[in-house]
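Same chain, two partners: subunit A is paired with subunit B first, then with subunit C.
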Partner chain A sequence: MTIVNYATREITCKIVYYGPGRSGKTTNLHYVYEQVPDGRKGRMVSLATQTDRTLFFDFLPLDLGSISGFTTRFQLYTVPGQVYYKTTRRLVLQGADGVVFVADSQARQLDENVESLQDLHANLAEHGVDPRTVPLVLQYNKQDLPREMILPAQELDDALNFRGVPYFAADALHGRGVFETLRAISELVLRRLSSPAMAGR
Partner chain B sequence: MSGGSLAAVERWVEQPLRRFVEDARLRRTLLLHPSGQVVAQQGFARSVDVMSACALAAGIRASAGELGRMLDGRPFGELFHAGDGRQLYLADVATPRGPYVLLAVFDAESSLGLVRLYFAELAEHLAAAAPAPVAEPQVLPSGFEQELNRNLAVLFGRA
Partner chain C sequence: MSGEYESFLADVAEAVAQHVAPWRARIAEAIAQWSAAGYQVAVLERAMQLPNEPDVDGLLSTFAAAAEHLAELERVATAAEPALAGDPVFRDPARTAEAEDVVARALAAVAPPPPPDGALAREGFEVGESNAAAARAADEAVAEPGVRHPLLVLHGASGVGKTHLAHAIANDLVNASGGALVAACVTGESFAAELVAAVQADGVERWRARYRAVDALVIDDAQGVAGKERTQAELVSLVDELRAARKQVVVTLDRAPAAVESFGAELRRRLEAATAAALDAPDRALRERLFARALSPWHAALDPALLGFLAERPVKSARDVATLAARLTAAAEVANVPLTLRLAQTELGSAVRAPQGPAGGVVEAFFADTEKVIWDWPDVAARVSEELR
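Take a look at the complex of A and B:
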């Protein structure tokens, strides 16, 4: 649910990075955090275990600056990927304006990717949201690993991207694809605010 | 005396909330959607701090709610955290526009009893003041993408 303050001309959007455990969701946020200057970001909040696995969520507030006269802010969240945190994922997903699905490109992780994507759809449906209407971008992460370990982005796309949404090959650890992914989901989310049919959401 | 002025995204919450802040002698206050989006705040200096506080408050409320449902099928309606010198009260507010969440931070100038007393009044005032939801006009003109891309490029040092 995008928050629009007409009095102060501010827009606030919630974007959730979703995907299986260890696919690189938190790594995406860390890279964004490192790139953005201090004045344009808040503290990155990580509710994690002692071994740095996401326990509840990571959170990073960003100030995108002025767009069409509106001060635009994004709230980036990640969810814990492990199967047993389903309830937590559903809670974090509540009110999301857009979702980045971070898939693990390793061939042996394909089933986990599919399962996590199904879990995303189920959780959206539980919130009464039609999964086909939510702005979504797919990111095929870890494309820097040796070729024999991973599936090419096109092959992953054939397996996961049945909606035909934008997708990006990525190496989040070194930043490849992170910016492009954020730009794509930002555009999809904000485009809803420029469509009269979606106004008032 | 409460700390800091109040700023609200939704104007109709301003008056009831301002009165609550004064009456209950709060240091910091947040009114938010259960999704973690801010509706009003008092006492925070930076907007990014407000967003982080809202995300955490929504997380506390959500996880405690699930815990309550596990225990006896009902979520907790209010929570209290005691601290050294400052305390925190978190509670759901039902309105015709849907549920909201209140987070109130107070110190020795107030008390949990006082906050709960005035919270009951606040909940009534908010429920009475809530306007019916209306469709808002189109926010962004088409062609905003160029400005978005430029801003993001600047943000990432690519401009």
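Take a look at the complex of A and C:
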């Protein structure tokens, strides 16, 4: 995906929130959406099941306005976390400029986190993308839950963050860590614009 | 506005400013501008791929100059061939050389450059010791045009055969190609005059293109451009272009390149670095052959003693041989007798001496003329010659 169009002076970044089912991906987007000033608010598209699970994907367009003369847009997507939506996840992941992996901090969800992370790598590989080259940030969500239910961020990091990418402890429901995560992935994505491999794309 | 959103926005703005290179934006603007004007911008798109900032000013001004040059070429081409208007070749700076060829061909079709003199064939060029090196170089140039002697300088005094040999090279190249190749033969003076006319008519580009189209160029008596700086600059540029395109260039000079005064350093440097072959005054054996060739069409059986007598005369050039042969032929015709040694001795004087004024021939013609008139009595020298006889 072309993230900078110099001819039309547009920057478009596609960021995908990935993770196991019910880890809080849509909650992240909702919180961001609530913080966007009214004039800048696009329409958040959410295709949800009757049980409020994401069926297809959530899409939040963020129009950041003109930055350095470039019309800058961020497109935030979530994927359905449930295992059986693998095809949908792969589709949504296509052309992603950056990925936020939202892990569920609950101890009993550790296996799901690992499985989802493996699924992310597999899907990227299927797109012909080296998973090690994609900007990635980890978010350990639900850190607000009782301590006996969750694993501390450091412990989760030991288990999941073998690439040593930036990670954030979060409580997406109340907004803690949401923008820190978004800021970090944005920085990683934009940083690639000045790297030779991405030059001119 | 939410503080979190505002802070996020500020961070993104900083990242964009830091990582979205302004130089790429400038090139992108140029790409958009030139693309809209219909130009191919592959070279600019390649520049966008560079990991580090190139000389953007230089790149963009070079591209603009190339586009301007293409526009001028299109204008010239269209004037010669209206169907060429809007040809894609005039919209792609990467195809500038091709566009120049298109223009050159269009102009060549409308106003072909001066061709070689067909009468000056290699077969008619007699070779002797005095011009063997030049003839060999010419043959090699024809065998491998633009490669063996890409720039061949033939030098020697007037009348020794430089022009003949140079035109012969051009003729051979054209004939060998079945007429596909184009050769131009122009004197230095004409070249200079054409340039002046082109400048006055604001048609220099057109004039240049006409010569750029050729496959072989002969600049005869190139000393004619001495002291003409602009013409020399054009000649240097043309020679460089033709040589780069592996075309054959032949230059004739009335003296060795190093001896030509009033040539600029650039032209002198090229001529001095070229293959130079001298043509000297014809040696005796060559003179004999030259006389035989010059006289044979008019006189069935030539006495070897006559040819021997003529060859002993120290003529300085092939042109002098032709002049003497014509004179003897005319004398024989007027007297209505075969050309013999005696007639030649009478006509030219028996002594071996350099050809001189018109006296001898006039005398013979005078006495051979049955309608001679007394008041046209020859001058004193002729009378003396007659009395000796």
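By definition in this document, the second predicted complex is superposed on the first by the 192 of 201 C-alpha atoms of A that agree within 3 Å, B and C clash if a C-alpha of one lies under 4 Å from a C-alpha of the other, contacts with A are read in each partner's own complex, and residues count from 1 in each chain.
Simple rule for what comes next: a contact is a pair of C-beta atoms (placed from the backbone, for glycine too) under 8 Å apart; a residue touches a chain by one contact, two chains touch by 3 or more.
Since the model is a prediction, treat every value here as computed from it, not as a measurement.
Engineer: Are subunit B and subunit C a fit on subunit A, or do they clash, once the structures share the same frame?
Structural biologist: clash
Engineer: In the three-chain superposition, say which chain, subunit B or subunit C, touches more residues of subunit A.
Structural biologist: Looking at subunit A, the partner in contact with more of its residues is B.
Engineer: Is A:149 touching anything from subunit B or subunit C once the two structures are fitted on A? First, second, both or neither.
Structural biologist: A:149: touches no partner chain.
Engineer: Could you say whether A:10 touches subunit B, subunit C, both of them, or neither, answering first, second, both or neither?
Structural biologist: Only subunit B; A:10 stays clear of subunit C.
Engineer: For A:107, decide between first (touching subunit B), second (touching subunit C), both and neither.
Structural biologist: Touch partners of A:107: none, neither subunit B nor subunit C.
Engineer: Counting only touches as set out at the top, which of subunit B and subunit C does A:36 meet: first, second, both, neither?
Structural biologist: Both partners.
Engineer: If you stack the two complexes on chain A, which partner ends up touching A:63: first (subunit B), second (subunit C), both, or neither?
Structural biologist: After superposition on chain A, A:63 lies in contact with subunit B alone.
Engineer: Who does A:122 touch here: subunit B (first), subunit C (second), both, or neither?
Structural biologist: neither
Engineer: After superposing on chain A, which stretch of subunit B overlaps subunit C: 39-47, 75-83, 93-101 or 147-155?
Structural biologist: Among 39-47, 75-83, 93-101 or 147-155, only one stretch of subunit B overlaps subunit C, namely 147-155.
Engineer: By the touch definition above, which subunit A residues appear in both interfaces, subunit B in one complex and subunit C in the other?
Structural biologist: In subunit A, residues 4, 6-8, 11, 35-37, 64-65, 67-68, 70, 72, 179, 182-183, 186-187, 190-191, 193-194, 196, 199-200 are touched by subunit B and also by subunit C.
Engineer: In the complex formed with subunit C, which residues of subunit A make contact?
Structural biologist: Touching subunit C from subunit A are residues 4, 6-9, 11, 32, 35-37, 64-65, 67-70, 72, 74, 175, 178-179, 182-183, 186-187, 190-194, 196, 199-200.
Engineer: Spell out the part of subunit A that touches subunit B in their complex, as residue ranges.
Structural biologist: Listed in rising order, the residues are 1, 3-8, 10-12, 14, 35-37, 40-43, 45, 47, 56-57, 59, 61-68, 70, 72-73, 75, 77, 87-88, 91-92, 94-96, 179, 182-183, 186-187, 190-191, 193-196, 199-200.
Engineer: For a test of understanding, state which residues of subunit C touch subunit A in their complex under the given definition.
Structural biologist: Of all residues in subunit C, those touching subunit A are 1-2, 4-5, 7-9, 11-13, 15-22, 24-25, 27-29, 31-32, 35, 45, 48-51.
Engineer: Please give the residue numbers of subunit B that touch subunit A in the complex, ascending.
Structural biologist: 7, 9, 11, 33-39, 46-49, 51-52, 55-56, 59, 62-63, 66, 134-142, 144-145, 147-149, 151-152, 154-158
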